[in-house]
Amino acid sequence: MGSTAHHGAEGVGRRDLIKRSAALGMVAAPGMGLLSGCASGGGGDSDEGGDTKGKTSKDNPFGAKKGSKLDVVVFKGGYGDDYAKAWEADFSKKLGISSTHTGTQEITGKLQPRFNAGNPPDIVDDSGAQQIKVDVLYKNGQLLDLSEVLDAPSVDDPAKKVRDTLIPGTLDPGMQEGKIVALNYIYTVWGLWYSGKLFKDKGWEVPKTWDDFLAICKDAKSQGIGGLAHQGKYPYYINVAIMDLIAKKGGLDAMKAIDNLDPKAFVGSDAAQEAIEAIYEVVEKGYLMPGTNGLTHTESQTRWNQYKAVFITSGSWLENEQLKQTPTDFDMKFLPMPLLSGSTLPFEAIRAGSGEPFVIPAKAANRPAAQEFMRRMLSKEWSTLFAKQANSLTILKDGVDPGVRLRPGTQSTVEASKAAGDNTFRYLYTEWYGEMGTAIEAASNELMAKRIQPKEWLKRCQAAVDKQAKDPASKKNHRD
Amino acid sequence: MRKGQYRFVAGFLFVPVALYLIFVIWPYIQTFGYSLTNWKGQSQTFDFVGLDNYKALVEDDVFLKAIWHNVFFLVFIPVITILLALFFAFMLNAGGRGRAGGVQGVAGSRLYKIVYFFPQVLSLAILAVLFNAVYRSDGGGLLNGFLIKLGLVDADSPVEWLNEPDMVLWALLLVVVWHGVGFYLVLFSAAMQSVPRDIYEAALIDGAGRGQSFFRITLPLLWDTVQTAWVYLGIVAMDMFVLVSSMTQNMGAYGGGPDHHSDVMSTVMMRNFLYYGKSGYACAMGVVMLLLTLVLSVVTLRATRRERIEF
Amino acid sequence: MSAPIKETFPAPAERPVAKTPVRPGDRRGEGVALNAFSHGFLALWALLIVLPLLWLVLSSFKSDTQIGGSAFGWPQHWSFDVFSRAWDKGIGDYFLNTVIVLVFSVPLTMLFGSMAAYVLARYRFWGNRLLYYFFVAGAMFPVFLALVPLFFMVKRLDMLNTYQGLILVYVAYSMPFTVFFMHAFFRTQSTAVYEAAILDGASHTRTFFQVMLPMAKPGLISVGIFNTLGQWNQFILPTVLMQPQSGSDPERYLLTQGLIQLQQQQGYASDLPVLFAGVTIAMIPMLVVYLSFQRQVQAGLTSATLK
């Protein structure tokens, strides 16, 4: 992965989840998060204390104790929470440790008070719009250093440490001051998506260059189909396309310029200029799906599932999120961003990273069981369970049993990742500078609505960068 | 005052004041304390930063813009809602002609009163769901679908109601008005019914038209009620959180788009509080909101102060 | 405003013989145009209210695909399955919880609010005016601001996720309004009755409960309606204060929370019909209650303004 360890990392995928779910706009969010909400979900039984440490053995390196209870709280978002229930059932069967399970969208609301009160759950999938920021939990001493888990023997191959069985770089986002305190479990790729069926019906070829992409949009438009859809109410999504174009055109230098708040990150950057002009061409030529600028993610994606648009931007949670809306013969496919001419990175290069941070609270009542639970999450068996239940990949290398038939979209991401090889990239500014990210998204929203031109977009983005550069907090972060 | 009276007064005030102090006032005071810190909201650790948050606030364009949006709502929500409600109330109570002469409401006025009140029983959460569907930016939206049917809007370029800087505030305003008119209509008609009928009839005999009787008789007699409505609607205008955060383009979190054109103080505050993790700063915004509303309420109270009755 | 009315305008349909006024008071027609406009506008507004609601109800019978497709399709099949799915999500329980809270919180609000308003309105003592403003100003504070400290306060009292905790908080936050309106009410009450009661030897407390409070009934009803609607629609406070504190703590969500939860789930697994069905279920009882009591509601508001 293109990234190195950094402060304040919150997994890439998670951030995205956040944004799109923040989306939802929910009314609720206010309350809950805000508030310090309320308490908890998962069972309180485990906080009764008592001795939860059992005997350690080779199969049970942490001494998880039979008959004890595990309090699991899982963010129930795009991936649902069936996968966690499946794990818990297996855990109970194999180790005799039953779980109280809480699946929720209100992580902050439910857990903040429990953290404050010192009776947190044992293991938490701390994701979604109302996630509690990992760095904040860390700074408050609430998180367990996961090195014991990562250095424990892998379930599949006891000769190996768990950390050596993972896709390289996927642990980085969970690092705080050199310690891994969050396990970003889900492997996510970002880019465009299309329907294999629609392509077949129309006789289109997979576009590898921007010109090919525009040609398909043009053809689609002539047949009354929108070219590109995006989830306009959450400008986060179209920004994926824009920023990916910049990254692929300008390569690492272009990304570094933005992440490091270079005075020429946007204004004066050829990559940024060409990328935004390319996107603007789509707008100007009327290739957007009608109304897409104002739709929520589910509305827009559902329209796309109904063949009202050829392409849509999203991350790999898309398939699971749209499960109910996708026609059976839709044949969902992932597509790396097509290339502008003279691009630095190859077509196969994709934005990829790990998301969905799982944490073990430092004050977890049943720490041994929680550690064992996490160790098993990184086994092939549980990773496969996850892939089956949530239609997504985990950070475990070759973590899906070959016998499992993945859904077409997920399968296509597997192939895309393989094709990309080391050519994966990601931005860090979204993790480091929330306000700057918001300002860029706001500018993109204006551009998509044709209220500003590419020139103005570059200026506004540069202004956001310059403003952030003045913030003393920005000195702490640097991408090499 | 006699001693027993004091005891009585204290006895009656004790519970209400205690509840109010514990659950309302004390939390607000604590908020003020937080506004002087760099609190991040998720823990009880923070440093004292003096007035830094307030200094930053003065330069925060988004927040300053948001204040003006609140002012927009503060002016137009009461004006439009009250005017509409007055008009309807007048129509329903004095707009018709009685078979026996005299003054009465238009035909079907009882039904209207019932129907108009409907939205009032819907919670804001329901309103948000409903109007998101109404304003949906493609042919699936009620409004766009309707206009497309009429041929007024091209199906390929539907109106993005909530993504137009010039329209978004009005679109939100309409929701509030839709919601509120019925209540004030009923309130005003109640007040109108308390106006003795013979006053109207006398006016009619004098040759006053409906318009005249409205402005010369009804409105002055209703003035108190109108002021009450104003206070109530002013509070609605200062809030707007639910609708903005759940209906408008997302500016990081809690709506506010496009390009902060619909941000109000409460959404900016919440975004800073949770999304940016600048909770101390958000509390400073809260304190400013508090001061603004305080000024507002003092002004309103002055304006609406009624004569004290004599003992 | 308008000039004296010409009598040559056609009479309204229901009054066939009306070329000339029958009696002085019988003024017809200030202009058919105005009339038509007024009636048209009244009817239009009624449609604007009813149609979106009906449309929403109708939409709950549609499929997700249809909802996204066109605004005007008819449901393909009338299946009530979606309502039972919405019901399964707990709408019934949420409803009951809301009723439990309001049954206590509204009367208590009225009781304590009236007590405070009464002494503030009718007794002179040091700090009276200050206290009045102190109460009333609270009406305008944004609730969000107080949420975090409030949460910890309720927690300290060990009342999180309890009915009594939420009830007390509702009462406290309804104080400003109630005091403001009841204050106006008590101030305009007859002093003579009060003096008579006191002269009869009634204590202050008795005078309040047996004489003054009953006299304020119209006001109580109308302010009570305000409060019922306000508390019914409250969502931030329950969201913060009514969350299970542990796995064994039962969920006591209120209706607004439940709906929000339904809406949130839309973000992850779109099921718009269920959301619309949930909204319909939540909406209908309120409409039924209103329809059954609308006479009282209107009468209450009427007497409230009769001072």
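A, B and C are the chain letters, set down in written order, and residue numbers restart from 1 in every chain.
Just so it is clear, a residue touches a chain if its C-beta (ideal position, glycine included) is under 8 Å from a C-beta of that chain, and two chains touch if they have at least 3 such contacts.
Remember, it's a predicted structure, so these values are computed and weren't measured experimentally.
Visitor: May I ask which two chains are joined by the most contacting C-beta pairs?
Guide: B-C
Visitor: Of all the chains, which has the CA centre nearest the overall CA centre?
Guide: B
Visitor: Just how far, in Å, is the C-alpha centre of chain C from the one of chain A?
Guide: That pair's centroid distance is 42 Å.
Visitor: Taking the mean of the CA coordinates per chain, how far is chain B from chain C in Å?
Guide: The separation of the two C-alpha centroids amounts to 14 Å.
Visitor: Residue numbers in chain C touching 2 or more other chains?
Guide: 68-69, 144, 147-148, 150, 235, 260, 263
Visitor: When you check chain A against every other chain, which residues touch at least two of them?
Guide: 23, 26-27, 29-30, 34, 36, 129, 296, 299, 303
Visitor: Mind pulling the residue numbers of chain B that touch at least two other chains?
Guide: Where chain B meets two or more other chains at a single residue, that happens at 41, 124-125, 128, 136, 138-141, 144, 241-242, 246, 270, 273.
Visitor: State the interface residues of chain B toward chain A in the complex, per the touch definition above.
Guide: Chain B residues touching chain A: 40-45, 124-125, 128, 132, 135-141, 144, 155-158, 160-165, 241-242, 245-247, 249-255, 257-260, 270, 273-277.
Visitor: In the complex of these two chains, what residues of chain A are touching chain B?
Guide: Listed in rising order, the residues are 19, 22-23, 25-27, 29-30, 33-34, 36, 108, 112, 115-116, 129-130, 132-133, 136-137, 139-140, 142, 232-236, 286, 289-296, 299, 303, 434-435, 437-438, 441-443, 445-446, 449, 451.
Visitor: Residues of chain C touching chain B in their complex?
Guide: Touching chain B: residues 1-5, 12, 14-15, 22-30, 38-39, 42, 45-46, 48-50, 52-53, 55-56, 59, 67-72, 112-113, 115-116, 118-119, 122-125, 131, 133-142, 144-150, 153-154, 168-169, 171-173, 175, 179-181, 184, 187-189, 191, 203-205, 208, 229, 232-233, 235, 255-256, 259-260, 263, 275-276, 279, 282-283, 286-287, 289-291, 294, 297-298, 301-307 of chain C.
Visitor: Can you list the residues on chain B that touch chain C in the complex?
Guide: Against chain C, the touching part of chain B is residues 1, 4-6, 8-9, 11-13, 15-17, 19-20, 22-28, 30-31, 34, 41, 84, 88, 91-92, 95, 97-99, 101-102, 106-107, 111-126, 128-130, 133-134, 136, 138-142, 144-146, 149, 178, 181-183, 186-187, 189-191, 193-194, 201, 204-205, 207, 209-212, 214-215, 224-225, 228, 231, 234-235, 238-239, 241-242, 246, 265-266, 269-270, 273, 283, 286-287, 289-290, 293-294, 296-298, 301, 306, 308-311.
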